[in-house]
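After the structure tokens below, expect a handful of questions from me.
Lettered A, B, C and D in written order, each chain numbered from 1.
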């Protein structure tokens, strides 16, 4: 599912944009696009770490509340083509994680953005990794970055 | 509806955060928060300009597709308190409009962000103002900024 | 906020339909309408019982999972008028609760529907009322029905 | 992708339920489930008719506004398993179309429901088929019903 211009080993999540996502301007509603990117990051966790956000919270009692996001919308998104979202773990701080997400349709970048979250205990929201194993796994995934 | 610390003449849009907005971490889902801010900007148009996004598009054939947004999440949002979103038109370029939105609950900033859109014709997405009157109205609203 | 044709003491929840709720047919997306009705039922709990779904779950450890809903869509919903949702507790079984919701815009019924949920413990999903007080309060609200 | 107990030639649409779909009860939010079913019906149009709702509206100027839906929720939906939605065109009136959708996770029915819409011209919302070809195609798909 890699698109031209991206190294083929990056994680790409395909989203079927539908009627439900579009507004009267006949394009995906702006408020829907951060949801597409977050959905791709959740899929990245499921595939790369082997634990999606639900299991991370419920089974591992770890949360990742977001503290920042920024997005540039390069071109409108429509249901005409699948939306391929490339997700990279671009930075790993002591407890912060930065994801870069680029969305493409039909070979054209539609959006790109950065999403920063913090690893916390799901019980008390205190920053930290409940599991050293998850942290180690994340470090190994940094090598995927461009 | 002005909150302490904001000049009282700024536009403030109150949102009732509900169960539907929350995820298993018992806070408003990250992907919902840009929607809150955009909803507040749409309410600003309705109240300050007198034309909401729907009427702008359908009646005036003007669109305002977004090209950028950035948000900092300062503190979790829950259904415990109303969410007061202050909206300011912070910058007006030739065809671009920048909004600043600050969300507060119980006197505490929960998020702040910037949202940049472009005035276009709804017919062909070309940048520009179909109506000089709307542009003039927007200019007069710039004086509201901090 | 009572509309013509409804006894004035019924609970009515006003919703501002926005651009974000509409699809390319320029009407509120079908999938959004059950959300409007559920939002009105949550508002009914907050106002009539004094406990919204979030507090019911988090503070009282009671849940109300839905087992059924049916809706008839009488007329399209648009951002042109506020959407007034009348909510009635129409039936109270041993553990089931049935709500009737009627949505009106500009004096015309847009949708009507029935929503059946079951009182459960939030800890183990077992049917029942964790609090006799809540049950008693609900019984008193049955008198509001048509 | 057919599940045990369904004839293998029925259309089945797989949905990845995520964190974003869940509420603090750790199950998919009720208001999200009609959206799952509608998303499956849109996917049915794309696959079986070869025209999704977006193309139907924009290219063929045909709309299918819904006039009724009813759903029974048999069991909670979570991100633990993919959600397989079987879609059948169960009835075809002069201008009405009835879909039956059954959602399963891990071999268990989670919801079942009926969704009735009306074929209309997208220009004036008048009932009818702008294209005899689409009507004929729909008739041929009725044979898929149970």
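In this text, a contact is a pair of C-beta atoms (placed from the backbone, for glycine too) under 8 Å apart; a residue touches a chain by one contact, two chains touch by 3 or more.
Everything numeric here is computed off the predicted structure, so don't read it as measured data.
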item	value
Distance-maximising chain from subunit A - centres being C-alpha averages	C
Chain pair with more C-beta contacts, B-C versus C-D	C-D
For subunit B paired with subunit D, centre-to-centre distance based on mean C-alpha positions, whole Å	34
Computed distance of Cα centres, subunit C from subunit B, in Å	28
Distance between the centres, which are taken as Cα means, of subunit D and subunit C, whole angstrom	24
Subunit D: positions in contact with at least two other chains	19-20, 22, 24-26, 31, 35, 38-39, 54, 57-58
Subunit A-facing residues of subunit D, complex	16, 18-20, 22, 26, 35, 38-39, 42-43, 52-55, 57-58, 78-80
Touching residues on subunit A, where the partner in the complex is subunit B	24-25, 27, 30-31, 34-35, 38-39, 54, 57-58, 63, 65-73, 76, 122, 125
Contacting residues of subunit C [partner subunit A, same complex]	19-20, 22-26, 29, 31
